[in-house]
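Each of the next two complexes has chain A plus one more chain, namely chain B in the first and chain C in the second.
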Partner chain A sequence: MASASASGPKGLAGRGIATFAVRAGAFGAFVAVIVYFILFAPGFTSPFNIFNVVEQSAILGVLAFGMAIVIIGGGSNITEGGIDLSMAANMGLCAAAYASLLQAGYSDLVSVAAVLLVGAVVGAVNALAVVGLGILPLLATLAVMNIAGGAELTLTENTVVPASSPLLAFLMTGRFLDVSVLAWFLILFSGLMAVAIHYTGVGLRLYAVGGHPEAARAAGLGVRRYVSLTYVFAGLCAAIASVLTVSRLSASTPGSNEMLLSILAAALLGTVFSRRFVPTVGGTLLSVLFIGFLSNGFQLLNVSSYWVNGVQGALILLVVAATSFARGQEA
Partner chain B sequence: MEELFGRSGNMLKMAVAACALLCAAYTTGDARADELSLKGKKIGVSIVGTDHYWDLMAFKGITEEIQKLGGEAIALDAGRKDQQQIAHLQTLLAQKPDAVVEVLGNIEVLNPWLQKIKEAGIPLFTVDTVTPHALNNTTSNNYNIGAEIALQMVADMGGKGNVLVFNGFYSVPVCKIRYDQLKYVLTSFPEVKIIEPELRDVIPNTVQKAYSDVTDMLTKMPEKDSVKAVWACWDVPQIGASQAAEAAGRTEVRTYGIDGSPEVIKMVMDPKSTAAAVAAQQPYEIGRTAVQNVAKHLAGQVVPPFTMVPAVLINKENAAEKGKPFLDAAEAAGVK
Partner chain C sequence: MMEKSLIRPDTISRLAGLAASYSVIIAFLAVVTFFSLSTPTFLTFANLYNVLVNNIVMLAIVALGMTLVVSSGGIDLSVGVAVDMASMVFVMLLAAGFAGPAGVVIGLAAALAVGVLNSILVTRLRISPFLATLGVLFIGQSTQQLSTGGGLPIYMTSGYPAEQFNLIARTSLAGIPTPVVILVLGIAAVYVALHRSVFGRYVLALGIQPGVAWYSGIRVSKHISWVYVACAFLAGITGIILSATVKSYVPLSGNAFLLDAIGATFIGTTLSRERRPSVLGTLLGVVLLAVVKNGLLLIGWNFYWQQVGVGVLVFLVLAVSFGLRRHLN
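Our next item is the complex of A and B:
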């Protein structure tokens, strides 16, 4: 985040054009893909299908918001800025803990509280490594990802742990105005995030901490505290997502780490929609839904789901390349 | 069919009789198949993954038979991701196909969603998935397979010794049946002991993980004959286990598995390999049969709650003769 000091009209113009090109390109690609699905994917536009995608996006949505907060607070420089690679593994650990606790006979209340604690503790370990020990977030959270993954394996021995509880049944089958609980969850969670990030002082200060840490520090903000809390928040998001996952699968299952690519794709893609290439709630939500529709459209077109992985990887590359290019123009 | 279905030395009389019955039922089913049609029908197919020979062959059998009968397949492969398979089932629910064929997967995860398919009035057929929500489950006779491979193992062990067991997929119904049958057979042979803790087979990296797990256990139990056999409910861990035993110079160890991947059949055929036996199934036929059941149901015929396609125990003695038809079938389907 070194230089936002674009000098002279030439620099400003160049930056403007590059930023505009990246944003327009991203929007264009989004629209083109969706239009293609509308035209060619059978059943794509049915309300039932659209709400299915919203419902299916709830888990990824909660995780992507967690990642977005980490990127906002730590700065969106891809190599040195905020990133939490441990989120998917943390969710896997939390899901395993949740299912195991329910199976051991604990109530929903106790189990959910314990799982939120587990998620927050993993987040706190990240915070300790990044803020306390000064390790690059990319490496610190990679290490924590392995710790969480190992802990999950120890707990479940790589098996499926079935779970059922009143809360899970409600999440799985509940409907309000003919829209499922999970879809509502995503809508409400997004609303809360939007208010917290874009309409409160906390949100504003978080952007300041990530965008200009020196200035934020000079202005008396507790930069280290803010950054630490973003990792704890991401951990909490992983815990919340784990409860949603267990409700969808009626169990905790191995392989949660597969989600990491989607989380990164959603959070990074979300940065393209802002003028300064920082994550926003709207942009993140749009990206989450886009990834959901992409996977859904592929299913309806009978294209192998293996392609979705490839497309997500390509999207990450494109976004990182495009935003670095546009930022390069700033200098 | 007939050559696949001979009398194996270890087959119980009952099993032979049952298989003969099944085979007869199966051939009459096949004769009728000529008249079956899925014209104008949309059939949803959901499979948990196709990275293993068995899965891929079953998937091919299903989709090619749907095509052959003139139907349209919405075939969805979840790439071994439970989350993805649930999304697929949900998509199929929205698409309202004329029937759904679901293949393999974790039963706890699937059951609530299979119930929704049933409740939506979509006829549900399964392959290797035992669930009360399906009209029919097409599968091998896993009760027989499980008992036969266990009995072969006990016989080879001389009725005593330690066995390493991979039990990572008890949540997959067919593995549960085979494992339970193993345990049941062992109740009659108290001198055969399963080494605790049991090993966990994984997907992906199944072969590598099995190799390192078995290597570790053989290092931990270095005396000759301290481990006599390795058992797994499918045959991919068997590959890693056999290689590990051979690499460790522990050629007294014998490995056992189920499915009949061509690679494993070839190992059983090789007199020097530690792979002692594999129960070979006909996944392509299982897939085809499931689709024929769909067509029968849609044509108003009565379909039984399960259809079993014959499987054959291939061991060191009969491998040359019994193995070949399976290798030919794999080659014909173009799957290695």
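Our next item is the complex of A and C:
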């Protein structure tokens, strides 16, 4: 609970060890589950299966990175921190727009450009609401989620819109060094994100903006611009993910908003891997892959897929409960 | 803000302050006027009665619980699970031949269990409310799918269960439908708890300054626990009314209340300068959402456009309130 930093100096000494123990524990929990699958799930370790999981994780990965950036730039306070509840609905809207444009005969180039624009505009609306008008992110993006979800439904009338194009065919069947394009996409995207967030000044300043906005402002950073751009970036991620999801399903399908919880789970679970409990690229990627391997392992073990949500939820609670001990009173 | 505006007489800023505080009420009046003029059926007793019984009662009870939790500085993403658990246990027990009252009591106990789990996670394990209740939401979804063969609804439209359902949903006390009576009792209870008792003062203090509240000797864990338990209990009441109204249990249907309840609670916070949740504000938020949905349906917008319409309206209310207030400060 948020009872301010009530642990005095004595907490600091043990804090380092406790933090280490928790991070090791979080890794340990992940490793234990994976080891269990390696030992007992047939075919789990085959390269085919592993790349299959990486490929399946590409969509969630792109979305989770967008969410992570918003949380980094907005701070991780529950009600006032950065969060984008509209990402999944935005992806659904973009997917519907993309499939509809292709069906109407537009080229891949035009359609992708239009979809990136749609995603960015939804993100810009969030930015305007949060930064320009000062609405709580939780609320602003909730309203935008409704609007984007409704817009998707009016566009598709709640039906499946089939789509095919050279780009989709390439994403679906293309391979390089025996690894599919989607898997490559996730690898490259993660690499780019890691460099941008952890090895450039922009990334450093983004953490500063989210960690202590007043200090960042005093240091001369354009806090409002940084926070605005995180929402636009999340919108672009939603647009990119929509192209990937249309390629995987060869159509845009209703119900994409159900991904929202997985995106949140991946982004928030990823914070456990950082020393200061803020989202990181590596941590987010690990949790995305972990969520992917979890449902994959269950499939291979022939466990009903209805267990997956519950186990995912229980693991989130387990891992986060462990971290709260390291956070001490500050949690 | 440091910069000086050239034209800002006192009256204008005072009007803007009023508009920021009462944007919900202004929106509500505008919406009611618009729908009354556009369709003759809107402002009829039959329609308003229908809105009250079908759109307001259940959402309002869940939103009252959410108001308690948000007042304490938290959030409960698992209200839908509490709704569903009460509904599931109630309907399954009736299907197994239990008596109606026993079903209600055990159903509410199932909802309470969700609240107790939340409060343990938040106060004992110190998980942030967002993550704790998110985890419970996931677990609740699995539990329901596993106990219903993947999400098959249970219908009970005849015989003893249907009679028991009608006792709850189709009776009235002194001419007032029973669910509405339950809502009024719920409003009174939450109003007293939050705005007229020591408990409420402590809860609000926790929401505003948790650190100070802790140093002042408020028993943080105890109050936070009660807030989550009460929220789940209220959601459970909605679950019972829901299954009695539709004479069935449909897995995962409680989630429909989650976002509306959060929306109504936070729309309600625009009433106060400090953005604190209040029972009155939340009820206004619920009524606004319900009236807009009903009105858009009456003027012939389909379900899809309704969603866009509600989203845009909520966005505008928030934009006016937050935007004006930021401008004034």
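The rule is short, and it goes like this: the second predicted complex is superposed on the first by the 299 of 331 C-alpha atoms of A that agree within 3 Å, B and C clash if a C-alpha of one lies under 4 Å from a C-alpha of the other, contacts with A are read in each partner's own complex, and residues count from 1 in each chain.
Here is the rule we go by: a residue touches a chain if its C-beta (ideal position, glycine included) is under 8 Å from a C-beta of that chain, and two chains touch if they have at least 3 such contacts.
Please read these numbers as outputs of a predicted model, since none were measured by experiment.
**Student:** Could you say whether A:F27 touches chain B, chain C, both of them, or neither, answering first, second, both or neither?
**Tutor:** neither
**Student:** Examine A:Y199 and indicate which partner it touches, taking first as chain B and second as chain C; both and neither are also allowed.
**Tutor:** Neither partner.
**Student:** Give the label of whichever partner, chain B or chain C, reaches more residues of chain A.
**Tutor:** C
**Student:** Pick one for A:N49: touches chain B only (first), chain C only (second), both, or neither.
**Tutor:** First partner only, chain B.
**Student:** Under the stated touch criterion, which partner chain does A:F170 make contact with: chain B (first), chain C (second), both, or neither?
**Tutor:** Touch partners of A:F170: none, neither chain B nor chain C.
**Student:** Contact-wise, after the overlay, does A:N158 reach chain B, chain C, both or neither (first, second, both, neither)?
**Tutor:** In the superposition, A:N158 touches chain B and chain C alike.
**Student:** Going by the contact rule set out at the top, does A:Y36 touch chain B (first), chain C (second), both, or neither?
**Tutor:** A:Y36 sits against neither chain B nor chain C.
**Student:** Tell me the contact category for A:I135 with respect to chain B and chain C: first, second, both or neither.
**Tutor:** Touch status of A:I135: second partner only.
**Student:** In the overlaid three-chain picture, which partner chain does A:I147 touch, first (chain B) or second (chain C), both, or neither?
**Tutor:** After superposition on chain A, A:I147 lies in contact with chain C alone.
**Student:** What residues on chain A does chain C touch that chain B touches too?
**Tutor:** Touching chain B in the first complex and chain C in the second, residues 157-158, 304, 306, 309 of chain A appear in both lists.
**Student:** Using the touch rule from the top, collect the residues of chain B that touch chain A in their complex.
**Tutor:** 74-84, 86-88, 90-91, 94-95, 106, 108-109, 111-112, 168-171, 200, 202
**Student:** Which residues of chain A touch chain C in their complex?
**Tutor:** Chain A reaches chain C through residues 1-6, 78-79, 129, 132-136, 138-140, 142-151, 153-154, 157-158, 261, 264-265, 268, 304, 306-314, 316-317, 320-321, 324-325, 327, 331.
**Student:** Any idea which chain C residues touch chain A in the complex?
**Tutor:** Against chain A, chain C makes touches at 70, 73-75, 121-123, 125-132, 134-139, 141-143, 145-146, 150, 210-215, 220-221, 224, 259, 262-263, 266, 303-312, 314-315, 318-319, 322-323, 325-326.
**Student:** In the complex of these two chains, what residues of chain A are touching chain B?
**Tutor:** 42-43, 46, 48-49, 52, 55-56, 59, 157-160, 162, 172, 245, 248-251, 253-255, 258-259, 295-296, 299-300, 302, 304-306, 309
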